Amino acid sequence: MSLESLYQEIILDHYKNPHHKELHAPYAIEVHHNNPSCGDEVTLRLSLNGDSIGQVSWSGVGCSISQASTSIMSDLVTGKTMSEALELERIFLELMQSKGNFSGDVEVLEDAVALSGVAKYPARVKCALLGWMAFRDAALRAGSS
Amino acid sequence: MSLESLYQEIILDHYKNPHHKELHAPYAIEVHHNNPSCGDEVTLRLSLNGDSIGQVSWSGVGCSISQASTSIMSDLVTGKTMSEALELERIFLELMQSKGNFSGDVEVLEDAVALSGVAKYPARVKCALLGWMAFRDAALRAGSS
Amino acid sequence: MAGFDSASLRGDFPILDRVVRNGNRLVYLDNGATSQKPRSVVDAEREFYFHHNAAVHRGAHLLAEEATDAFEGARTKVASHVNAKSEEIIFTKSATEALNMVAYGFLNATLDKSGVGSPFHIDKSKNIVVSELEHHANLLPWQQLAARTGAQLRWFPVDPEGRLDLTNIESIIDAQTAVVALTHQSNVTGAITDVPLISNRARQVGAIFVLDACQSVPHMKVDVQALNIDFLAYSGHKALGPTGVGVLWGRYELLEQMPPMLTGGSMIESATITSATFASPPKRFEAGVPNMAQAVGLGAAIDYLNNVGMGAIAEHESELTSRALAGLGAISGLTIIGPTNNHARGGVLSFTVEGIHPHDLGQVLDDKGIAVRTGHHCAWPLMQALKVNATTRASFYLYNTEDEVDQLVAAVIDAKRFFKV
Amino acid sequence: MAGFDSASLRGDFPILDRVVRNGNRLVYLDNGATSQKPRSVVDAEREFYFHHNAAVHRGAHLLAEEATDAFEGARTKVASHVNAKSEEIIFTKSATEALNMVAYGFLNATLDKSGVGSPFHIDKSKNIVVSELEHHANLLPWQQLAARTGAQLRWFPVDPEGRLDLTNIESIIDAQTAVVALTHQSNVTGAITDVPLISNRARQVGAIFVLDACQSVPHMKVDVQALNIDFLAYSGHKALGPTGVGVLWGRYELLEQMPPMLTGGSMIESATITSATFASPPKRFEAGVPNMAQAVGLGAAIDYLNNVGMGAIAEHESELTSRALAGLGAISGLTIIGPTNNHARGGVLSFTVEGIHPHDLGQVLDDKGIAVRTGHHCAWPLMQALKVNATTRASFYLYNTEDEVDQLVAAVIDAKRFFKV
């Protein structure tokens, strides 16, 4: 696998110009996650719109993979219903745990399929998941409160 | 090295009929030593006669080597001056640490040379030394009190 | 016959060809102390060092990835071998460390303010239950804990056969019992503890049950769920594995509440100069660069054991034990220290011979190439209870043969002749 | 040139021939995390397992004797390597365990009544001194100790180059200081601590000085007498040795007064069901069947290091470091985190590149077969002090070559091109 296919243009674009990377107020829930093995961190805020994801905003430091993944995730879940968003998270998690054995459905995951190469690098999977895990945590807390 | 030369007749005799193995009173000093790796133990009493070793008596449980060695030691040191006795202990210790490279001077060590074979078995050296170490401890304490 | 031929698998253990004293081929009957290693275990370590060696969970490079896979793969093997989940397995350096780790879990929960309300918090109103037949490794840590917290130390006595006397179980394990720590199989007498009976009682009163499985996991199928226990410890080196690796298994809900003994790298969630928070189990309990090659070696040992089959191993050892009980039992002046029948006992056999101190007997056996253990076997309180000063112990494993048992019996008879008793 | 040819000794390390990603031959620059192993070390373990394996200090048979000789022989080698006495060397599983052992020595002396009057007894009138650049392994145990005893935790700050700022040494180490625990060489910046300067101050006030020598003992001549210290800890796996073995050295007078952390078999003098007394050092601190094969392997590693020569190794690494400082230093946007000149520093080199996160840089290097470490290197407080989130770290050892340094420099330049920064 080549570096180019890991770091697709789309990832580098999101890294350089991350979407939703500015903490917004008001919000329903704020969570803070980190990756203790490297020190990367993300703070994520979520507001709901009835049963749908209203706004996702975040800040943090991290590598291109974690930043791009969080940026793409924010785009993807915004406006989805809670259960659609969590289903997306499940599918993305599955892709990341696939060890590179499948490439992801572009119809469903859209830009996030560009991250499929990460699954071949176990040490980087945690980077790609950092923002998604923060989102999942926030969504579950928002749902249960 | 044969078993027969480790367990010389003289050792088995001392084992079956140990000398001075009955605690006597009065005494100047009593010490208790054990060998934590096997559980063998000796209690030794010492009385002085001016600057000489008066009476040595002991009780304890242990293997033939430890019992015979303590018995032989008791015979040897009785009546010697303190410094003669400690010198004997030093020579015996040296013999035990020789790894079997020399056999000991029968003029000096008398019956104790029968124990020279023990030096070839590092795990048994502690058995042969148990009584001697107890004596040394007792003598040093008696000397300093 | 057991489902395998012990003579044929001896070829996997190079040391068994060793010629020891007087040109005798080694007869290794000191498996209770440590086991020998098959080629596959030592090769697995070599393969790790020469192909994949790197610090696990840390590096951002291929070797670090491969090393992590190998290490975590070993964890999975260890887990399924005792029917546990991977994340419940902690690699320690030894059973001794594993048992101390649980005792320090109690001490630290008790010292730390955060520990109040945790099942690991104890004080002088609580008690700790052990037994007279414990190995020092499953006794001293609890003595220390009791002394440091004021909790009361209680114990099951043993009967003359060296089995736990459970007569007073209801009063010994009571509502104030915080932890019950017992050995699965005695390393002196071979007696096997009726674990479910006692762990049920512990469950009733809400006590944590810790099992010292040093002498069971290597020799029989052990299932932590069926035994209904909370913690289990054993040493890799007694189970065909390398030295320097042990296992602590704990129920995840309890591990989550247990403070670590060792702190340092790779076990934190965050750290500042003045404080730190800890990672989830098992990482919380594996501070520092772990014993990676040894864990991998233990994984290979477990593969080896499973290939032979734990049931077949237990059966084989039982056959050897029956033969030894019969052969040794027929020698006059010889007393078996422990159960004399082959029911609920493993392949560890202690005995004394009138007129021959165990050290001297061990020496004669050694002279014939037979390696046994003599002494108190790190179970001094049991010796005191059984009123023996020391014993000679033979302990069997999968590679031992009936012929070796017969050599042992013949050698004891020779020793009696030698010492004229 | 150093006194040996690193290219020629690479043949002793089979892993260095590994082909990693994209057909590239491994360039291993992650020695700060763990070192690779020469054949002689792995062979020494194999020889132990296949010829002499038995539980040390226990059995009454030939193998037990041979195993004991091998194990104690390793202790002698380890001792003379740092100019200490054999009986002052304790084999642990890692530096992490060694450092925790000293911290628990303090805790246990403080909890136990017998500890009053001992140099290990502390309370809230006392303080503990560490520094901002400590590895978590030499920080968290002291944080825990401070929290559990009420003693005050103090620290030396670092200057912008990542060196200890000793300006306030007289007030930081004062008459109430019980222990000073510092790193000999930073695993992040490579800065070498002026140990005698600080240990003299510790001596003045009667404080115990503990040195984390993880990054020094493998790389230079270390003499515990010349450094005027009380305890020293390091890990075998960073010094060509096996995983699963570490070393704690302590002055004998102090070891004699220190309570054990782990209790169990082989460390007692006597034991009853309710109490125990402990053996003299080093046994007191080696409960259980020890990591025998690993100790023997470490002995072989020390032989290997001594054959090459600690002075020559230090010189070789210094040459590589100079080359790397020059090569990397010339790259625009690259910042060396740590001393930029090659004075009082070792072969550990951290840096950041503007616009490329260390993870991404590490990935590019890995793609070219170059193994480095990225992240906080288990020294989070130092990262906070230096205001960096993470760094990329290259760390050298005796088998690295100038060509490998050049490959590193070229790869960083390529990475900048790849990420268009």
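The first chain written gets the first letter, and so on, giving A, B, C and D; residue counts start at 1 in each chain.
The criterion applied here is as follows: a residue touches a chain if its C-beta (ideal position, glycine included) is under 8 Å from a C-beta of that chain, and two chains touch if they have at least 3 such contacts.
Because the structure is predicted, anything quoted here is derived from the model rather than measured.
The minimum number of touch steps linking subunit B to subunit D comes to 1.
Distance from subunit D peaks, on a Cα-centroid basis, for B. For the pair subunit A and subunit D, the distance between C-alpha centroids works out to 38 Å.
Centroids built from CA atoms put subunit C at 46 Å from subunit A.
Annotation: 30 Å between the Cα-based centres of subunit C and subunit D.
Subunit A has residues 37, 121, 124 in contact with two or more other chains. In subunit C, the residues that reach two or more other chains under the touch definition are 58-60, 64, 266, 268, 270, 359, 363, 374-375, 380.
Of all residues in subunit B, those touching subunit C in their complex are 3, 6-7, 12, 37-40, 61-66, 121, 124, 127. Considering their complex, residues 57-60, 64-65, 68-69, 266, 268-270, 279 of subunit C touch subunit A. Across the interface of their complex, subunit D is touched by residues 34, 36-37, 121-124 of subunit B. For subunit C in complex with subunit D, the residues that touch the partner chain are 14-15, 18, 20-21, 26, 28, 30, 33-34, 36-37, 42, 45-46, 49-51, 53-55, 58-64, 93-97, 99-100, 108, 111-112, 132, 135-141, 143-144, 147-148, 153, 155, 235, 237, 242-245, 261-266, 268, 270-276, 287-294, 359, 362-363, 365-366, 370-375, 378, 380-381, 384-385. For subunit D in complex with subunit A, the touching residues are 357-360, 363-364, 367, 374-376, 380, 383, 389-390, 418-420.
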